[in-house]
């Protein structure tokens, strides 16, 4: 769901950059020296996990997993996705530098929402069903939310001109929406079964 | 004795612009061939190459009577050639021991129930049934190695490929492992620098030149 | 030109592309960007194939823009939209200016190089630390993924479009996260051990953590 360079209008680019900078500042503030390696490791893990893909016909569906990342990382998603987007822009021309603020908002805001809404549901000893539902919720809010924010910034930039573009983006990401929700659900359940104590520490 | 694996003039790719030449060898039915040599001389690469994980720059490889050179040739070998990785952590998926052992059979087409039953039978044959519901993260080094072996045996292999199987194991776990391996009665290709293992298990030695 | 300077120039190029309004200005800047890519090719900063591939990938979104913007629905059906075409042209120009400059200036750099360059461009110290540390662990996690996938392959797993693949992909995700969490625990223990030792001798130094971040200390 990365918007390319040169698509969004200047006011939108500036506002997104400002909001994202605020998010990064808040995220970094909560990362003391002791928690930094954990955040960096999880950030790297999610970056690698998002390269996993599922073959569908001649193409493939890539994972995004921003919702799950948000659930486990909280505010740290802002600086960590910033790192990911910076590297993707520099190394693959995926996204861009001026549009980095907007892409960061698209990825991280729904992720943070997952943390705020869903992490509290994992208190105590969550059942398998609850883990699957929370995981699926991460996928739905994460990818769905990203689509909503992307549609919003595009709409604010270009108005009716971008209608079809928005439509195409949403359509092409429908498979991702489904696959991400399913895999987030299963993965969260597995993670909790394998390392219940450490995972619980991440979702206070 | 029928020849199971035959390699001649093998040359493996070892990173950009580096090649590794290997001596010719053959593995026969009933043999336990030990690959000796210092680390970094290609023992692991050779075992991985037999499953198609390391591309062959040159040479000929025959496994079970067929030439193997492209990926499609190697796909049917994953199962009949059972590879025990050097670090069991790499090989254990879990979440529980029985789930892990059932992984291979499920890839071979068994449904969840039958794969689970096969996994339990395999664990029982190695006297590991008490570990069935244990999360793989909570296993000791020796237990990890044996569970990894169970995962490989559950796929009904014809040949075992073992990469430093006694690494990091204490005396007791080693003895247990050797006993289990001998009991399988399978032909083996064993990469190891452990002299005790070579003496106890090996029927023939192949030294990789330095 | 040093790496931070190259990165700064790429950023400036992207900003320039965003700020210029006239088509002729954008075309001029595109020419500059194109020349930059040619220079990169001549200087062998990267192979021609790599450069072409990057330019092609860059224009995937642009293609999507051209498929959607120039048309709109009217009473009679699908019609050509001149305002859409103009917007598409500008987007193509801006995207390619920023993209080509980035490709040319950063050719031959890997993740470490980019992170090191960015860290020296004046971001807050803790953010720079996080950037360097994350990039360092990226290599570790990539290795984990490769090992997990190879081991699964060795036990007969083949990704297909079915529910089994979905389950196994979820397992791969969980395993990568588990490796990360376990490693984080080992790092925390190592840090505690050093912090404990250092409290006896001297207060903990920030330099230690920077050492970890730049890979000089292994954790």
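First chain written, first letter: the chains are A, B and C, and each begins at residue 1.
To be clear about the criterion, a residue touches a chain if its C-beta (ideal position, glycine included) is under 8 Å from a C-beta of that chain, and two chains touch if they have at least 3 such contacts.
Keep in mind the model is a prediction, meaning the values are calculated, not measured.
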### Message
Can you tell me which chain lies farthest from chain C, using the average of the Cα atoms as each chain's centre?
### Response
B
### Query
What pair of chains has the most C-beta pairs in contact?
A-C
### Where chain A and chain C are represented by their mean Cα positions, the distance between them in whole Å
15
### Query
Cα centroid separation between chain B and chain C, in whole Å?
38
### Query
What is the distance in Å between the mean C-alpha positions of chain A and chain B?
39
### Query
Where in chain C do residues touch two or more other chains at once?
171, 174, 178, 182
### Task
Note the residues in chain B that touch 2 or more other chains, in rising order.
94-95, 137
### Query
Which residue numbers or ranges of chain A touch two or more of the other chains?
190, 194-195
### Query
Which part of chain C faces chain B closely enough to touch in the complex?
147-148, 150-158, 164, 171, 174-175, 178, 182
### Message
Per the contact definition, I'd like the list of chain A residues that touch chain B in the complex.
### Response
190, 193-195
### Message
Under the stated contact criterion, what part of chain C meets chain A in this complex?
### Response
7, 10-11, 14-15, 17-19, 54, 57-58, 61-62, 64-65, 67-69, 71-72, 81, 83-84, 87, 90-95, 97-99, 102-103, 106, 109-111, 114-115, 118, 124, 126-127, 129-131, 133-138, 140-142, 144-145, 159-161, 165-167, 169-174, 176-185, 187-188, 191, 206, 209, 212, 219
### Query
Within the complex, which stretch of chain B touches chain C?
48, 51, 53, 75, 78-79, 83, 85, 90-91, 93-95, 103-104, 106-108, 137, 151-152, 155
### Message
Residue numbers of chain B touching chain A in their complex, please.
### Response
94-96, 135-137
